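Several structures are given next for inspection.
Paired with chain B in one complex and with chain C in the other, chain A is shared by the two complexes that follow.
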Partner chain A sequence: MKRYVARRILSAVVVIWAAFTISFLLLYLLPADPIAIKLDAVEGGGRGGSGSVSMPPEQVAEIMARYGYDRPLIVQYFLALGRMLGGDLGTSITTGIEVRDSLVAALPQTLQLASVALLIGVLVGVLVGVLSNLVAFRWLRQLLQSLPPLAAAIPTFWFGLVLLQVFSFRLGWFPPWGNSGFASVVLPALTLSLPTAAVMAQVLSKSLREVLASPYIETARAKGASRLRVHLRHAFRNAMLPSLTVVGLTVGNLLAGSVVVETVYARDGLGRLTETAVDGQDTPVVLAVVVISAVVFALVNLLVDLLYPVVDPRIRRATTAVA
Partner chain B sequence: MTLAEIAGATTAPADAPAASAPAAPPATTGRRRSRWRWFARRPGLLLSIGVLLLVVLWAVRPGWFTAADPLVGVPREKLSPPSAEHWFGTDSIGRDLFARVVHGAQYSLRAVAIALVLALVVGALLGLISGYLGGVVDNVIMRVVDVLLALPGLLISLILITALGFGTLNVAIAVGVSAVAAFARVMRSEVLRVRNAAYVEAAVKGGVRWWSVMGRHVLPNSYGSIMALGALEFGSAILSIAALSFLGFGAAPPAPEWGALVADGRNYLATAWWVTTLPGLVVIVVVIAANRIGRALDGEWRQAR
Partner chain C sequence: MTGPGEPLLHVQSLHIDYASGGRLHPAVRGVDFTVGAGEVVAVVGESGSGKSTTAHAVLGLLPPEGLITAGAIRFRGQDIARLSERRFRSLRGAEISLVPQDPTVSLNPVTRIGDQIAEGLRIHEKLPRRAARLAAADLLDAVGIDRPLVRSQQYPHELSGGMRQRVLIAIALACDPALIVADEPTSGLDVTVQRTVLDKLQQLTHDRGTSVLLITHDLGVAVDRADRIVVMQAGEVVETGPATEVTRQPRHEYTQRLVAAAPSLHSDRLTATAGIVATASASPPGARPADPIERRADEFVRVTDVRRQFRVVLPDSGRVDLVAVDGVSFSIARGSTFALVGESGSGKSTTARLVGGLDSPTSGSITIDGADLEQLSRGARRALRSRVQFVHQNPYASLDPRFSLYDIIEEPLRAFGVGSGRDRQARVTELLEHIALPASYLRRRPGELSGGQRQRTAIARALVLRPELVILDEPVSALDVSVQAQILQLLTDLQVELGLTYLFISHDLAVVRQISDRVGVMQQGRLVEQATTAELFAAPADDYTRRLLDAIPGSRARG
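After this line comes the complex of A and B, so read on.
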């Protein structure tokens, strides 16, 4: 058991490191020139016109040196890695604010949004997934089974805008934007939960169908267990495992989805921070966001991995045998 | 297939004749009849093919479907609701929304095509090399693929856009790169399956150089599932590209990219529902159609033959 845990922790650390390395290489190898963009912005020019900088070259070189862009790439990489390990995420190129400070301000908002969305997504997903097998009417089962693929085809930003239209502007039930209390998190969380719910329902429904075809279910039916009992007591527990994996994997998508959802609802948070950073080609901020997302993703998946043995005695026995 | 039928019931474009085109001339009349019956049993699939053909026509011949100008509006008619004259209504400066959606198809389709070709070619190449050479090369490539699969696609796309800048082409590249890992993974497993076949062994023992073996023997026998994956990825590529163009990273403003069209309506949510709702519905219908066709290519079609 101890070895199982140790190996999971190690692989979580590797994922974080690799995410940092890959995004560092992508961000710093590709021909972006954040300094030129910053200088353009200073001179009131539009974005991207990097050829029009009229600043004296010595001054440009000095600014490049201040941000460390004049060093060889490998040196920059190890410096950034070392700083990151020490908790220093650098400063934003466009605003000059410490990236750590903006992250600390933004992260709680997004974590709140993402966890409410995860809760809604799992609840709705499980409900639809179970009902699409449990319901005794064929037409209703088919209807329920056709919902998840439909939901998976809906663009989240569009869903968010439609919810806004109906519930904020038409009915006036929820505030249309901002971060003011629980009422303002309902619609964004609902929007963000849509893809999660769709995937959950699809995976659970499929694994339930498979489990329901297995011999031990036949036994349970033969000894006279009711339909409800067979589904919930016998089948559900075994069918749950793949969905648990999906919960872990979906967390990364929730964080990424917050970029779109927070833009739709004009909420402050990690997503908005990312959107602004990408807009200004603010590489240090984007890099920090990727690392933070990787950390959250790795932690949640570590938790899921540790939950497996708790949920499934078979895995428990296997891991203790290894350790 | 129930799903596509639901989608079809709400939109119902009358393009049934166009859908017979893919049932291309087979060898014998018997096979033709059985294939025709195979299609006839799947009205949802036929409808999906029709929808995609229609969108392709929108992209290449927008003039056939609308006479209105997608870029120049009539200020007098701004924000008028859907009518016989303007099927989707007009936007804030009086441009016909249907015309903008029709003309926008070319941006979306071009971006999707670039993204998919990029993902397919690079992913297949990586998977081929990884699976065929094995050893250290395989290990390195697959570890990178693992991490890319762990990171959400949207995040990878955003990293690339930060580095590359804005525009339809960059968005397409970003979406394509974010899908490379999945293709590499599938291709590798296919290659591993084919690599130990007798004809590959014969070629190697016969002294054929390794790149020739890969190109002549391994690749042609392993690209089936990667094409199916490509079909399945079509729908999600449309969604990703629309999301990035909604965020404003796509083509510059007057261009009627689908995501940008939805974004345009943000300021008129309370008064003009159609500006956001209708272009979004078009995206949904196209994605559903693409997914239906993808599933057909992935499973049913191969089983049927």
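After this line comes the complex of A and C, so read on.
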């Protein structure tokens, strides 16, 4: 078991490192130069007056040197990696604010949004997935089974706009934007949860259907177990593993989805931070966001991996010593 | 309660149809039989006979598309054929219970076995958790599982197949039902395990006076275990009678065929069909080397002190060498059949793979027609492959479902670049005659063939390159008995006609007896005994061989 946990943790670390390295290289390869953009912005201020004042090349070189952009790639890479490991995420090129400070402000907002969305998504997904097999009426089962693919096809931003239109503008139940309290999370979280719920329901419904056809279900029925008991006691736990995997993968989608949802609902958070940083080619911020997302993703999937043996005793045995 | 003279279970002109595509397909057509209190009745039939459907109807577990269209199932005088699901639920597990077919997949993998046994007691007798657990441990003890309190905490994957079947028997017995439906209860198990499991079932049901409806394809099992036998064919009962009478003096023509085909009820080596002419190169079957170690002129295969071990890496740093084949030596005379018999895990299939050159031994040598497999160059090894061919156990899995019959049989010729397209076509057509399939079948795909036809196709594929040695790995164990008999006859005919040498792998001693000249018995990687078929069956020298022989069902019919 210790070995299993150690291997899972190691692979989580590798995922985070790989995310850092790949995004570092990609950002380096970007054709645009963040310094040039910054300088453009500075100069733009004076453009209205006496025309462009070009920055002397030695000054540009000095700024480049300050950010370390004059060093060879490999040196830059290890410097950045070292700083990252030491917890120094650098400063934003466009705003000059410490990246860490922006992250500390943005991350809790997005984590709150994403975890509420995950909770709603899993609850709704499980409910629809189970009911689409459990309900006694064939037509209702078929209706429930056709819902998830439909939900998966709805674009998130459109669903968000519809929710806004109905529940904020028409009914006035929830604030349309901002980060003020729990009420402001509800609509964005609902929006963000839709794809999660759809995928969850689809996967669970399918694996429940497969499990329900297995011989041990017949054994259970032959004992006189009721339909409810067969579904919940026997089939559900066996059908859970694939869905558990999906939950882990969904977290990545939730973080990605927060970019759209936070924009639609004008919320502050990691998504918005990403959007502005990418827009301004703010390399340190983008890099930090990618790494922090990788950390969240890796942690959640580590948790999922550790849950497998709890759900399935066969994995438990493979993870403990065989005498 | 059951009145005097009234049977516990009375199935009366039962009709069951399966609805599919808006049409009804009859599966059971007017079945009549009874099971008295404390009586064991076996329903025997091949696949598609409707025996399993009947059993499921008795349990009220027909699939939604299975409809009882006429007749009645009287249990203690009450017709349960049209009982509501809710009413039936109180009967299932409590009064009528099931011992299912395949123990490896019939237990819930994520629930402790103790809880699975206790479940029925919790449902029907509303026992509190603790009491149900203790009762479950008692049941485990009753079915012969050691340390029941410890075992009841284990999960199904931690138990062997035989133990899992005992757990399933404990589940069936939990609420002390009046009737147990045992649906092929031992079909996936080794013979010695089958025997002990059936002994246990018989003893427990006898002690408790429980009636048993035993569903089986194996006449031998039926005659050994049942008081009466009901023979079903194509949804109808063709014969009913006392077990020994049905097997000794079968009246119906189908039963006679079934008895004739049942390998466990026979003892003779099959001979080639009249009119089959041996080719010149073939030596008569029966020409056996007197001493297997001594190299003889007619020796085709020689296996000398072969060992094969696998390194198994355990998840927790450890490494273990698993010895699959250990010091095995034998030889096979040209044109004869050598059978390797053993239970699962005995190493017989690994040995077959070694002889076929699909795997290399860790030590020891294998020569085929004088050529040492290990000394051969890659090219020569590949060339040898055309002389050594395989027929596998499962004709459903060993044929590519997207290939036509023609493609399947022709493929080895293509692979070895034999002949022109026209030559190949001629050769495939020729083979089709050998396996007795009409030429119109060439364009069919495996999905459109029966199990027997598929296995014939696999045999044709193996023969198309004119091999000298054919390795048959359980070639008939997935087939119904009557089909099994046809395939064994076909193999015998082909051997004489083409002078083939067979290495025949099987777990079924009864089948081995019909086809082989010499038999080797394997246990835990070792060849514990080898002798001519007649000697081995008449006077087994090894203890394990004797146990295997004793476990062959049907001893009551053989008398």
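Keep this in mind: the second predicted complex is superposed on the first by the 312 of 323 C-alpha atoms of A that agree within 3 Å, B and C clash if a C-alpha of one lies under 4 Å from a C-alpha of the other, contacts with A are read in each partner's own complex, and residues count from 1 in each chain.
Everything that follows uses one rule, which is that a contact is a pair of C-beta atoms (placed from the backbone, for glycine too) under 8 Å apart; a residue touches a chain by one contact, two chains touch by 3 or more.
Given the structure is predicted, the values throughout are model-derived calculations rather than measurements.
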*Could you check whether chain B and chain C clash or fit when both are placed on chain A?*
fit
*Which partner does A:226 contact after superposing on A: first (chain B), second (chain C), both, neither?*
second
*Could you tell me if A:100 is touching chain B, chain C, both of them or neither one (first, second, both, neither)?*
neither
*asked:* With both complexes superposed on chain A, which partner does A:314 reach: first (chain B), second (chain C), both or neither?
replied: second
*asked:* Between chain B and chain C, whom does A:209 touch in the aligned arrangement: first, second, both, or neither?
replied: neither
_Between chain B and chain C, whom does A:141 touch in the aligned arrangement: first, second, both, or neither?_
neither
*With the two structures laid over each other on chain A, which partner does A:83 touch: chain B (first), chain C (second), both, or neither?*
neither
*In the superposed model, does chain B or chain C contact more residues of chain A?*
B
*After the superposition, pull out the minimum Cα separation from chain B to chain C in whole angstrom, please.*
6
*Across the two complexes, what residues of chain A are contacted by chain B and by chain C?*
none
*For the chain C and chain A complex, residues of the former touching the latter*: 59, 61, 85, 89-94, 97-98, 100-102, 105-111, 116, 119-120, 123-124, 155, 157-158, 168, 171-172, 174, 314-318
*Can you name the residues of chain B that touch chain A in the complex?*
2-3, 6-7, 143-144, 146-148, 150-155, 158-166, 235, 239, 242-243, 246-249, 259, 262-263, 265-266, 269-270, 273, 276-277, 280, 283-284, 287-288, 291
_Can you tell me which positions in chain A touch chain C when the two form their complex?_
3-4, 214-216, 218-227, 229, 233-234, 237-238, 311-314, 317-322
*Across the complex, what residues on chain A touch chain B?*
15, 18-19, 22-23, 26-27, 29-32, 47-48, 142-143, 145-146, 149-150, 152-158, 161-162, 164-165, 168-169, 176, 252-253, 255-257, 259-260, 263-264, 274-275, 277-279, 281-283, 286, 289-290, 293-294, 297
